[in-house]
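Shared between the two complexes below is subunit A, which pairs with subunit B and subunit C, respectively.
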Partner chain A sequence: MAAPTSTLPPAPVAAPPPPPVHRRRRHRVIPWVFAGPAAVLFIVFFAYPLGASLLQSFTAERDGASVWVGFDQYRRMASDPAFLESLFNVGLILLVQVPLMVVLALLLAGLLNQSWLRFKGTWRALYFLPAVTTLVAYAVVFQVLLKTDGGLANQFLAVFGLGPIDWLNDPAWARISLIASLTWRWAGYNAVILLAGLQAIGKEQYEAAALDGAGTFATYRRIIVPQLRPVILFCAVTSTIGTLQLFDENYVLTRGGPDNATLSPVVYLYKTGFEQLDFGYAAAIAWVVVALIAVLSIAQYFLFGREKRR
Partner chain B sequence: MSTAQAVVRTEAGARKSPARRLAGLAVGLVLVVGAAISLVPFIWMAIASTHSTADLFRSPPPFVPGGQLLDNLARLEETIGFSRVMLNSVGIALVHTVLSALISAMCGYGLAKFRFRGRGLLLGVILATMMIPFQVLLVPLFQMMASLGWVNTYQAVILPFLASSFGILLMRQGFLDFPDELLESARIDGSSELRTFYTVVLPCVRPQLGALVIFTFMSAWNSFIWPLLMLNSEDTYTVPVALNTLTGLSRVDHSGLMLGSLLATLPLMLLFLCFQRQFVSGLLGGAVKQ
Partner chain C sequence: MSTRPGRRAVLATGLAAGATAALAGCATGGTGTKGGPAPEVKKDDGKKLSGSITVWSWDVAAKALKRLAADFQQKNPGTTVTVRDIGYDSAYDKITVGLKSGSGLPDVLTVEGPRMVTYMGNFPQGFYDLTKLAGPSEKDFDKASWKTVVNPQGKVVALPWDIGPCATFYRGDYFRAAGIKPESIATWDDYVKAGEQLKKRTGRKMLILDSVEDSTFAMLLQQQGQHFYVDGKVAVDSPEGVKAATLLKTLADKGLVDYQKGWDGLVTGTKEGKAATESSAAWWMGTLTADAPELKGKFGVMPMPAFTAGGVRTSNRGGSVLAVPGQSKHPELAYAFVQFLLTSAPNQVSMLKQEGLFPAYLPALADPYLSSPQEYFGGQAALKVFADLAPSTPPVEYTKDGAKATEIMFSTISGILLRDKDPKQALESAAAQIAAATGRQRIAG
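For the complex of A and B:
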């Protein structure tokens, strides 16, 4: 019979329809082979605890059981001096340390961007180094540097007949110490980011500015800063988020003390949740931190982002 | 030399050579002072780790290395079992880095090269994790680990933060440029999807993968609050947690602490000096288009 040979030729024509079915199934499964592990991890370790913590923030522990208390935990914060102090502390850092650091980073980036500067890579590495230290290690080092009797900082001051300053045990000085150590760690990091932004600005623009007779200051004000706005925004937003999430530095340096002078909301969250086992209140504090981060990030976006369109 | 030449030689903006030289000197001076400020704590850390605690706070302070390094090391080993702690840190950071880079790369590839149901949702969740501080998850995650009986285990430290949204987005960006034709030809050759991924696709994103590996290792190595919550016995401590317990003692062993800090920082510093470029590009993470 000719059947076998006659059925063969049409086969290639008839074959295409099956693959789409096969391929469609394949295309439903294969992507999840790749994305699946991450998706499972996100559901188990992000989505579920996120929901759980929101629910928990409306509960309180009473006699070993958790009871629904509505917004009580959130109301409690409004009259909790320790929490309010922690907000004041991060507010102070946001208003003093972040602008100080960003300006310092901007200046540093400007200096590092000089065309005639040699060993650029080395300079960049030197300034970036503080950002790659282990957080706890750096806090420990500052603890030793700032020790009241015999610490290097006070010995240095003594040379000029000053001090000794009670860096970590006096509320005002503890805040200053924290601000100084944060600036030490992050100014160079921000400078390197800003430097990358500076280098993305075309050389022609500097040349055009020079031809128009613009001095260094005018060049910065009119050309560099406006073009750098998105990068400055990035630095400001990440620094703000970092400040609101402050934990490692002040926890190791001062445990949030003295008298809560360096207490941050997250250290307070840690203390209420894991030292006093007040989980509902800790969850509520966490959500206030989330809300603050969202509000401030959006505000900064509008503040810095708007003029970009010009 | 004619004035025209001088003008051509100097950079735009500054025409007077002496003034320029003075400005250059000032810039150099500021940079040196700044670099000194950024380096002094490191140098002090190194010097201090070779002296006894009593010598550290003597006036004037020691400016050159002393001979107490081995004593400090022995004491550190005795008080917190430093070698064990170091081994824990290295192990946790390595396992975390390898698994996390693999999971991120695979997910990034899936998101970049396939259109599938739930893709938009997954991307949304990934973006959400970037915006929501992880501290929100601390309490429920802790309770989850407690009910699993995983407190004080390594998997409890590693698992929750394996899927990194930053890593997935970074890898996705790298894969977007990968030509589809190449994938098709590998498929036609009969290579399985996973094999194509490991042998054809992954080698092409080596720069991004390198940045991701370094960045992940650094954050795993530095991670503090979560291990602090999870680990509660000396034989499971990581270096940061162990150092933290030392600061809480009534009589603080400062020179031991400095040596511990130095040893905790050294691996990252070496890594940084070797892979500076990848470090910076990993940390910039989308701030600047390069």
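For the complex of A and C:
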């Protein structure tokens, strides 16, 4: 709150100043009038459900009533093969897909930043497009692409006498398909963010590097990547959060199957809550996902962010 | 990828709404969230019906309701029935949130039979008790589907609408090309042999399975007289379960299975002629005639192969009920509409004719329409096959934990078919998982 008197116009000398108590009270009320609606919305639609879902994670449904079960739901997760497999799946994506995608995005951003490139805006838009595509279009495209009989991917392989591969019906290939589709959807998005970072690097730094005899690789390693560190951190953290919250892609492509090969914790949460009516367990899964996101984001911040402070 | 709003955000909101409701339920005792018996619809014969009700349904079912709602309004001046097609994909999300929060539901709900059991077990107060009104009709309904409308307290909370008696649809042209006579397939062993012959002579597969969420296992289990639970205990690893899973694995190992994903995959795979047979419910006829008119004259229908010679040759797939949620402000009118639709042979037959919904109401099955030859099936009286089989459908036990078992069984069956897991071991592990998730005991496998 700003100091109350300094912002007011000086009072006319003749008029007696209003009683200070009353004035102070009025100034305490006005900010609340403005902030109030937002605060109410926040409490009703965010803080309260958040607290309620935490409470719910300690309950179980018994014949239509909620019963307090303490940490039972959390204990159940530790020995639930489907939940553990969903963690394994996102772990795999974090280790394979996220680094792959960030490197690819970095290369794309480098290309898009070249001075000789024409139609830059068009290219940027094209690469960004998958990220804003609606889920339905995305699903249709990949179904057509990955169809076992007559799908584009298999037609392409057939040219070389390979395949057909049962992309979405085989557990191992379903994982590969998911990783490929995630990369398609989000690499361009990250590239555009990295590009913004690249463009913030001054021309003189490249010139200085060139004068010092640095080649392309050295320029990348010593100038570009260190300067981009905060942007790369941003991409890595948001991608990690996105991966842990993975829902859309694997839900529309494979519904988490076959045999849970592409199941993610959030799809599992959805199935547990909405298909099996096991709300307490679903809430507990949600909170474990929240905890994982917090831990991984902090870890990444310290791993990537430290060098910057030197 | 990145953080973004989308379906997840919507779901999170939904879950939050559920949580909110749970708390509200604790505090105020809203309907649907606390225990206790269901409210009862008061019957008042002298009163003239009036007011307006809303009905939720989807696809052809909604079409049927809209058509007959007009008749109902005409017969009962002063009433309004609004039918809303809420779409199958989001139907259960909406119903679940409505039941959980105790508000937002219409006066009449369409629910599939096994789902209804899950709902009425988890929300004892969620639906009106119709026992006094609907009870006397019990003898007129298919006994397997009647089991899906009686709650654990023994109260009738819905009326059965349609059922899914099963038979085997086959491509006559493929069978002829491979020299297979449909009459020669009496058991699943015969079926496997026929499949091998078909594959050798035509290179075609025998059936289509869903790689992710296949429900053939449940159908084969019901054919043998059980479902996922027996006497309240987990029974997926019973000898019957092992038989069903082994049959599926045999078919897969012999290369007789074409994998497709989901409903659309099944329909397009069938249109493209990927497989020679499909064991499915009577409603599959409606899909064939509507979505594959070009295959007219190519299909025949025969009873399903039995597990042992002379055994049961049918099962059940799908089927739905109409219920009056406890939140309805006009339960009398809602029930009157349900009764008008479902306990009338002419109305049930009209829904079979026009929307392909196979009636659970037995008097409707005597209608001459059921024995009339059908052009699509080359003049075969295909509906008659289902009508004759329907009474021998084994009634099975559904429980409120059906959805949990279904989910775990989907991945178990995928594992057996696609990851080459041993059926017996995989089913035992599934039984252990279901027992852990539901707190139920297992029958000795």
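One rule holds in what follows: the second predicted complex is superposed on the first by the 281 of 310 C-alpha atoms of A that agree within 3 Å, B and C clash if a C-alpha of one lies under 4 Å from a C-alpha of the other, contacts with A are read in each partner's own complex, and residues count from 1 in each chain.
Rule of thumb we're sticking to: contacts are C-beta pairs under 8 Å (C-beta built on N, C-alpha and C of every residue); 3 or more make two chains touch, one makes a residue touch a chain.
Computed from a predicted model, the values in this text were never measured in an experiment.
Peer 1: After the match on subunit A, would you call subunit B and subunit C a fit or a clash?
Peer 2: clash
Peer 1: In the overlaid three-chain picture, which partner chain does A:Pro81 touch, first (subunit B) or second (subunit C), both, or neither?
Peer 2: In the superposition, A:Pro81 touches subunit C alone.
Peer 1: Just subunit B (first), just subunit C (second), both, or neither: which does A:Thr133 touch?
Peer 2: first
Peer 1: Tell me which partner touches more residues of subunit A in the superposed arrangement, subunit B or subunit C.
Peer 2: If we count touched residues of subunit A for both partners, the winner is B.
Peer 1: Tell me which partner A:Met101 touches in the superposition: subunit B (first), subunit C (second), both or neither.
Peer 2: Only subunit C; A:Met101 stays clear of subunit B.
Peer 1: Once the shared chain is lined up, is A:Tyr220 touching subunit B (first), subunit C (second), both, or neither of them?
Peer 2: neither
Peer 1: Quick one: is A:Gln245 in contact with subunit B, with subunit C, with both, or with neither? Answer first, second, both or neither.
Peer 2: So A:Gln245 meets both subunit B and subunit C here.
Peer 1: So, does A:Tyr48 touch the first partner subunit B, the second partner subunit C, both, or neither?
Peer 2: both
Peer 1: Check whether A:Pro258 is in contact with subunit B, with subunit C, with both or with neither, and answer first, second, both or neither.
Peer 2: second
Peer 1: Touching A:Ala283 in the superposition: subunit B (first), subunit C (second), both, neither?
Peer 2: Once the two structures are laid over each other on A, A:Ala283 reaches both partners.
Peer 1: Quick one: is A:Tyr270 in contact with subunit B, with subunit C, with both, or with neither? Answer first, second, both or neither.
Peer 2: In the superposed model, A:Tyr270 contacts both subunit B and subunit C.
Peer 1: Superposition on A: which subunit B stretch among 6-14, 60-68 or 222-230 collides with subunit C?
Peer 2: Among 6-14, 60-68 or 222-230, the clash with subunit C belongs to 222-230.
Peer 1: Identify the overlap between the subunit B-contacting and the subunit C-contacting residues of subunit A.
Peer 2: In subunit A, positions 45, 48-50, 52-53, 56, 131, 135, 143, 149, 189, 235, 241, 245, 247-248, 251, 266, 269-270, 273-274, 279, 282-283, 286 sit in both the subunit B and subunit C interfaces.
Peer 1: Report the residues of subunit B in contact with subunit A in the complex, numbered from low to high.
Peer 2: Touch list, subunit B to subunit A: 11-14, 24, 27, 30-31, 34-35, 37-39, 41-42, 44-45, 48, 56-61, 103-104, 106-107, 109-111, 114-119, 122, 125-126, 129, 131-133, 135-144, 159-163, 168, 193-194, 197, 218, 221-222, 224-225, 229, 239-241, 243-244, 247, 254, 257-258, 260-262, 264-265, 268-269, 271-273, 276, 279-280, 283-284, 287-290.
Peer 1: State the interface residues of subunit C toward subunit A in the complex, per the touch definition above.
Peer 2: Against subunit A, subunit C makes touches at 1-4, 6-8, 11-20, 22-23, 25-26, 32-35, 92-93, 96, 100, 118-119, 121-126, 211-213, 259-262, 272, 274, 401, 403-404, 407-408, 410-412, 414-415, 418-419, 429, 433, 436-437.
Peer 1: Report the residues of subunit A in contact with subunit B in the complex, numbered from low to high.
Peer 2: For subunit A paired with subunit B, touching residues are 27-28, 30-35, 37-39, 41-42, 45-50, 52-53, 56, 108, 111-112, 114-117, 121, 123-138, 140-145, 147, 149-152, 155, 158, 184, 188-189, 192-193, 196-197, 200, 206-207, 209-211, 214-216, 219, 231, 234-235, 241, 244-245, 247-248, 251-252, 266, 269-270, 273-274, 279, 282-283, 286-287, 289-290, 293-294, 297.
Peer 1: Note which residues of subunit A are touching subunit C in the complex, please.
Peer 2: Residues of subunit A touching subunit C: 45, 48-50, 52-53, 55-56, 59, 61, 63-66, 76, 79-82, 101, 131, 135, 143, 148-149, 166, 168-171, 182, 185-186, 189-190, 235, 238-239, 241-243, 245-249, 251, 254-260, 263, 266, 269-271, 273-279, 282-283, 286.
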